[in-house]
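Structure in structure tokens, see below.
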Amino acid sequence: MTLAEILAAVSRGDMTVNDAEPLVRGCFFENLGHTTLDHDREARTGTAEVIYGEGKTAGQLNDICAHLARRGANALITRVDADTAQALDVLQEGGRYDPLSRLVTVMRTPVAPAATTVAVVSAGTSDHAVAEEAAQTCEFLGSPVLRINDVGVAGLHRLLDRLDELRSARVVIVVAGMEGALPSVVGGLVSQPVIAVPTSVGYGAAFGGIAALLGMLNSCASGVSVVNIDNGFGAGHLANRINRL
Amino acid sequence: MTLAEILAAVSRGDMTVNDAEPLVRGCFFENLGHTTLDHDREARTGTAEVIYGEGKTAGQLNDICAHLARRGANALITRVDADTAQALDVLQEGGRYDPLSRLVTVMRTPVAPAATTVAVVSAGTSDHAVAEEAAQTCEFLGSPVLRINDVGVAGLHRLLDRLDELRSARVVIVVAGMEGALPSVVGGLVSQPVIAVPTSVGYGAAFGGIAALLGMLNSCASGVSVVNIDNGFGAGHLANRINRL
Amino acid sequence: MTLAEILAAVSRGDMTVNDAEPLVRGCFFENLGHTTLDHDREARTGTAEVIYGEGKTAGQLNDICAHLARRGANALITRVDADTAQALDVLQEGGRYDPLSRLVTVMRTPVAPAATTVAVVSAGTSDHAVAEEAAQTCEFLGSPVLRINDVGVAGLHRLLDRLDELRSARVVIVVAGMEGALPSVVGGLVSQPVIAVPTSVGYGAAFGGIAALLGMLNSCASGVSVVNIDNGFGAGHLANRINRL
Amino acid sequence: MTLAEILAAVSRGDMTVNDAEPLVRGCFFENLGHTTLDHDREARTGTAEVIYGEGKTAGQLNDICAHLARRGANALITRVDADTAQALDVLQEGGRYDPLSRLVTVMRTPVAPAATTVAVVSAGTSDHAVAEEAAQTCEFLGSPVLRINDVGVAGLHRLLDRLDELRSARVVIVVAGMEGALPSVVGGLVSQPVIAVPTSVGYGAAFGGIAALLGMLNSCASGVSVVNIDNGFGAGHLANRINRL
Amino acid sequence: MTLAEILAAVSRGDMTVNDAEPLVRGCFFENLGHTTLDHDREARTGTAEVIYGEGKTAGQLNDICAHLARRGANALITRVDADTAQALDVLQEGGRYDPLSRLVTVMRTPVAPAATTVAVVSAGTSDHAVAEEAAQTCEFLGSPVLRINDVGVAGLHRLLDRLDELRSARVVIVVAGMEGALPSVVGGLVSQPVIAVPTSVGYGAAFGGIAALLGMLNSCASGVSVVNIDNGFGAGHLANRINRL
Amino acid sequence: MTLAEILAAVSRGDMTVNDAEPLVRGCFFENLGHTTLDHDREARTGTAEVIYGEGKTAGQLNDICAHLARRGANALITRVDADTAQALDVLQEGGRYDPLSRLVTVMRTPVAPAATTVAVVSAGTSDHAVAEEAAQTCEFLGSPVLRINDVGVAGLHRLLDRLDELRSARVVIVVAGMEGALPSVVGGLVSQPVIAVPTSVGYGAAFGGIAALLGMLNSCASGVSVVNIDNGFGAGHLANRINRL
Amino acid sequence: MTLAEILAAVSRGDMTVNDAEPLVRGCFFENLGHTTLDHDREARTGTAEVIYGEGKTAGQLNDICAHLARRGANALITRVDADTAQALDVLQEGGRYDPLSRLVTVMRTPVAPAATTVAVVSAGTSDHAVAEEAAQTCEFLGSPVLRINDVGVAGLHRLLDRLDELRSARVVIVVAGMEGALPSVVGGLVSQPVIAVPTSVGYGAAFGGIAALLGMLNSCASGVSVVNIDNGFGAGHLANRINRL
Amino acid sequence: MTLAEILAAVSRGDMTVNDAEPLVRGCFFENLGHTTLDHDREARTGTAEVIYGEGKTAGQLNDICAHLARRGANALITRVDADTAQALDVLQEGGRYDPLSRLVTVMRTPVAPAATTVAVVSAGTSDHAVAEEAAQTCEFLGSPVLRINDVGVAGLHRLLDRLDELRSARVVIVVAGMEGALPSVVGGLVSQPVIAVPTSVGYGAAFGGIAALLGMLNSCASGVSVVNIDNGFGAGHLANRINRL
């Protein structure tokens, strides 16, 4: 019974107050809970549930996808390695796997595209995978993407050259490994919110992305915030949220 | 000479191409550079320069403020301790010092208020200073603020109680120390961008905010990004950028 | 209105279903929330709220205590330094400050003592302050305490000598700094749950309690769990919970 | 000779005091020592010895199991990978291997079940393996288990929905990776002891479980203690100890 | 159009000032940018671009090399594993792969050798790979190299024996793992700039080169600076810069 | 009753076997325990108890010293700051406080000097305090000391100059901060056991002695072991143990 | 006796080979050693000894200075706090103390100035102290300095504006705190050796300079090497070495 | 020419002083250096050179062994994996490979056994490999070994049972992973020098041996020093040095 049904029954005298009170308490969260998990999250947070693929078996992922398919929902699975991807049923049913971003996307219900654009800027060739995870997440959620690659701070003119393009976007994602300096430079040049994504690119004292992460957290430019190392999905998801405000 | 003046001189034949080329190169950055520092940053990034007060003497700060005063610019100085604040001339000239947030604000040119609101949520009483730095930065930049304090995850109902209010804001800042779990809970409940601010509140394995920082970077909720430990200013600045999109 | 009152009004026909639904939703958490904070926490978790004193001013603490006093509630404030304590009004009203444990306790409503005992074992003289914070928290919550001090692993016989006493307790708290080895030794000798408290005692590679913390987390003895560095309160609180099962 | 036999010989005059003294000293620990290792541990700590399987060869484990088999003892081997498990003789003799929890269990002497229950709560699908290690350890030791999976803080209603069930248990184990926020939320909702288990689930700044571990150690909720990263066994063992008090 | 061409067009009256201004702005960075990336870097920094090979596919590297080949440029690719190297086209076209240093070098335009020498000193046999990366980088860029291997501080006479040779070089690179003490000893014996390269050689508390890195950063000898762990290329590149001053 | 008395009573028939058994078990550890703490430790480990002064009040230290004085025992108190020292009664009774090493020594019973010597080598002037703690601990325990100061690796000849002296000692303590390279160099030159003491001397990436500690743990010279940062006492104590073998 | 005198005595037959051999061995290091410490270091490394002032008393420093004064040597003392400086005799004898750089300099023998310049670039006002330590060290050693302050990456045009000046120097020192991105940007723009100095400026995740240090070690620009956090002296010393090659 | 030959030539008048001086300087280190590396090290440090096998190819090791074989020297190679071992020629020539300790030993010249014994104590089965590396190193160098395995602190009686044996040794090596508490317990029970070896045994917050390492460095028992994680060789080498004093 939904909350409305319970209240109606009480109103009709079909249910006593004493009987209703525990039911209301009990169903309250059931009202939130018995709607499928994904619908509820969409209601609360505006975005359908995304499946974190790492550490899940193909079997588990197939189960989840079948469940979503019944409801005609779109699906985004992150961090899927190539072997797991090959065993996913959705790839036979219109789903798509991109080995660079490691995303599986199933688009059943078209998403109305946003009017404005998210720029995804990356510092080096080795940062492309994470940049693509960010960019394709934006696109899956309906935000068009402007890609600007290979514009690391060791060759500033490459970035300066494309500044006008960059300034045309509504939100800017900056992906960088090693010293992670690019978000500070970009943050000093634009007036948009900048989402910085440190990558695990580098070696030695890069410490798997710690150097880039710390660099970004300490950015001397204002307007920069940071997500987890290699978390292209998180950056794309947030950028879309901001882009659609 | 501005770029336009040089080009005009070349066009009139008052300047040869050979003479003009180095001038253009030279003035190009001067064109960006000879506008005062603050004007330029405002042009590029949409916000007037903010003065990082920590480690600067009252003398240095007075110099900077005098310079800004001549141009009628508003001023925001962060991380000013009480002793330094007492020696600041601007406090005699309409400036204001808030000992909790440690901000000095001088408002000479009124800022048009934004139509939408930034929510600043804090987990505990000890996080108030950082939350106020965020909130007052928003207000200085013209974004109205909804404050929701003391709603840490150990007593969820306090947060759930104010969910409707929270959902009325356009951007949400969440300030928390210790385990820094509040942004994950908030991020799972709202559809707005969430800016998480770890604080150095706690002891032992809180490690001066590292525990909270890591917790926030690893948030299982989407739509959350993070700024530096205790960086209320950075969160407020970014929130205002997003709020004014 | 409480949930019961709303339901009654609906039942009597004084309120329509449409009017009631948002009220129920809205008051649901108010039902949890409008009971005072402390009553609610006690209802949910079995223990009255404890005030984390660090970083709060004497003024703030006096406000909180006055609020609690009106309800006749007992109060426990942790991590209060001597200067702050001196400015607390409750010390004039029957409250007590212990400079070793840095606890302020106000006992207005006697707590029925538990039938069984919590043992608090400490490794060295320098660990006493944290051990006392644990022991006095237990006593405040009604669990009698057996104190066994100065029985670090460098002189095993001191511990072995008191093994029978130790085995008479229902729960054992073990407090140790430096290498934090004592919980492993105790855990191998007793059948009770062992709560290990690392302290910041030591220097150099003790790293403010990290060495002890890691030692305890890696205990080769079963039945040992760990709380934060110097968190005597947390250990005492948990020990009382277990002791009263 | 046992201590009793020596004393009897002295009493009968068959042994002088001078001869007996060193024998008593020598055999004292032998009295503890020549009883098999497991019997003694059981006497001291209430639980039969558990074999830490990691880093042991199948041959070593078969030896240990054969030794235990002769005494009819139950056996629990932790952290056994699938290859090693296949080479274990006990699997032909009624033993059982669970590839998810990586536990080998041999149940020869039935354990009287406890009257009360341990709840094992996990935050995400990827935390199941550790949660099962905890749950199956409890069951091996005779504590019935209530499993509540996939109730991470990004979707609070899932947890709130099952709060009554949760409150029916006597001890609560909470297993979570990433930011490890779930124990704080649970700890704020229940009155039972909470044992938090951080897992190595996550990537980037999760640092193999450090983020979750620090989050749990700094929990703002009282009544929470922590075991090592991925230490489901330790949590289960301790939970059973508490459950059987 | 180059800047000169634009200015000439304005001068001739073929282009208005209004038309020229955006073109000048736009081409300014294009002037830097439309020369191929490598020419520009060479102009700015004196050294042709070096390709960071790690994480790039053979296909990507072949593309880049083909692009460089058209311009007759020399190429240096770092951190190439043996499998990738085998798939590189340049190895069929005069390129050379050294499996120890993991460098691919393609020398099309001879570099005039420097008159002075760079010494590359290594502490142990296991440091050779990094030392060779440094040495071969120097040689690729035209600096002759003096190699002094296996002269770690546990056998000082080996180093002292070759001091005269060492003092004949213009710059000294010192490569060491484990405790990284060799640069301090060398720095105390010579008057040249010393570039210290920590290596990841060692185990346990060597922490993949952190011990050596910290040792070198804290060198009590003056005149020592440090590059990233295992960054032989960076040291060689810098040494050549200094050697050619 | 002592063990001998119990056995005698059993032998005489004054005590039954049943009565004796628990008494024997019970007194066994009392036999170890009722000897005073210090006598026992001396019996077990060959050295009288040393008092760790840090964090103890002058009052506590006076109590301990009075207790030791009654037994005529020598006393060594470590890490005593100047203020505490001034309030110690033993300084009026023949005790001595050295502000450099922060040791308080009370010598009541002369210790027979060892025939061989401990060398204490330090790298820099700032390491003297720790070196003196080591040296004076040796002297208190009866080992003569050879001091060799200021012979850090940046000026090798200073050490080489005194090599013969150094080789005349039986054990070598090497005290160094910053990069902590001296023990490796010494370890490569002598055949004695080398005890390395990292100090917290340095700044920046010295990290309070971590750099020196890691350097020493990774020493490429054999025969080197390490004690805690700034633990001159521990090194001196161990050196004396070895020197007296 | 010097080596030459011994050899002469042997040559004259005044000394037998057997007698000479140990003398030669013995004096060899004495030949290095009995020259005063500073002369020798100058001979070996080209620079007079510099005194590390931190942790030395005014008395110790006065002794050292008196010793140097007798030989007419110049003196440079680093990291001297204001209180210590006031007690230094050399300040009455022509010495100079700069409270910003905390350097004491005594110039008795003029140093021939180098023909080329060292550029000292700093990112922010708070980095000035370290930049001045670097600059004044260069000047003390005879290298003229070009100072470029406040040109951090958040406002790139400030740096670009002064690029020609910067390129006129022979060596570049770059001083930056927070994310330490400036050396990467500078390294991508110039062809000189770049010495990067991380500073402890910043808060939170700046971790006292670790963020800047890691950023600099991972610089994506070639030709950059790094010294210890806040080690302006080390950078200046090395820059002078390179500048004078 | 040896030093003696040069001196003799000078004495005979066959060489002038001027000619001799540089020769003496030059050969001095050659005098140390031209004896083969191993002989010299043996002369200086009392132990033949040991080969660090990790990261060396079978080819390199065969070269080194052939070189040593010519001189009839014993050889010890550490950290040799099974694959490399199989390719070593010395195994066909009387050498021996132990897969547990990963040591290759070639004993050509018998070593006179020491009169006293080294005890090697280990905490758990998983620590055996490191304990055997320590024990077999002792035996290779001529020190008899007493092995006491599996006596971790979770079952103290196992250790106490063997205390007399333990006290009969001259030096004690204690090998432990996880929390590394065993050295503290042993150090409190014996009067010998204790060398503690942390192992990388454990998981989660064991951090590859860091927990054990920190535990041992902070031992509250005196007389304990520590070597690198898993450095059984280093402990054995040092123990033999002490045992042979």
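As written, the chain order gives the labels A, B, C, D, E, F, G and H, with residue 1 at the start of each chain.
The rule is simple: contacts are C-beta pairs under 8 Å (C-beta built on N, C-alpha and C of every residue); 3 or more make two chains touch, one makes a residue touch a chain.
Everything numeric here is computed off the predicted structure, so don't read it as measured data.
Enquirer: Considering only chains that satisfy the touch condition with chain F, which of them also satisfy it with chain G?
Expert: Chains in contact with chain F as well as chain G: E, H.
Enquirer: From the centre of chain G, which chain's CA centre is farthest?
Expert: D
Enquirer: So what's the Cα centroid distance for chain A and chain E, whole Å?
Expert: About 38 Å, centre to centre.
Enquirer: In angstrom, rounded to a whole number, how far apart do the mean CA points of chain B and chain D lie?
Expert: Centre separation, chain B to chain D: 49 Å.
Enquirer: Where the CA atoms of chain D average out and where those of chain H average out, how many Å apart are those spots?
Expert: Each chain reduced to its C-alpha mean, chain D and chain H end up 38 Å apart.
Enquirer: For chain H, write out the residues touching at least two other chains, lowest number first.
Expert: Chain H, residues with two or more chain partners: 41, 124, 155, 187-189, 204-206, 210, 213, 217-218, 221-222, 228-229.
Enquirer: Looking at the whole structure, which two-chain pairs count as touching?
Expert: Going through each pair of chains, those in contact are A-B, A-C, A-D, A-E, A-G, B-C, B-D, B-E, B-G, C-D, C-F, C-H, D-F, D-H, E-F, E-G, E-H, F-G, F-H, G-H.
Enquirer: Across the complex, what residues on chain C touch chain F?
Expert: Of all residues in chain C, those touching chain F are 124-126, 155, 157-158, 160-161, 163-164, 201, 203-206.
Enquirer: If we count contacts the way the header does, which residues on chain G are in touch with chain H in the complex?
Expert: Residues 3-4, 7-8, 10-11, 13, 16-17, 20-21, 24-25, 28 of chain G touch chain H in their complex.
Enquirer: Would you mind writing out the residues of chain B in touch with chain A in their complex?
Expert: Of all residues in chain B, those touching chain A are 41, 44-47, 50, 170, 187-193, 195, 213, 217-218, 221-229, 233-235, 237-238, 241-242, 245.
Enquirer: Residues of chain B touching chain D in their complex?
Expert: Touch list, chain B to chain D: 123-124, 152-156, 160, 178-181, 184-185, 187-189, 202, 204-207, 210-212, 214-222.
Enquirer: Enumerate the contact residues on chain G facing chain F in the complex.
Expert: Residues of chain G touching chain F: 29-30, 32-33, 37, 40-41, 52, 54-56, 60, 79, 198, 200, 208-210, 213, 228-231.
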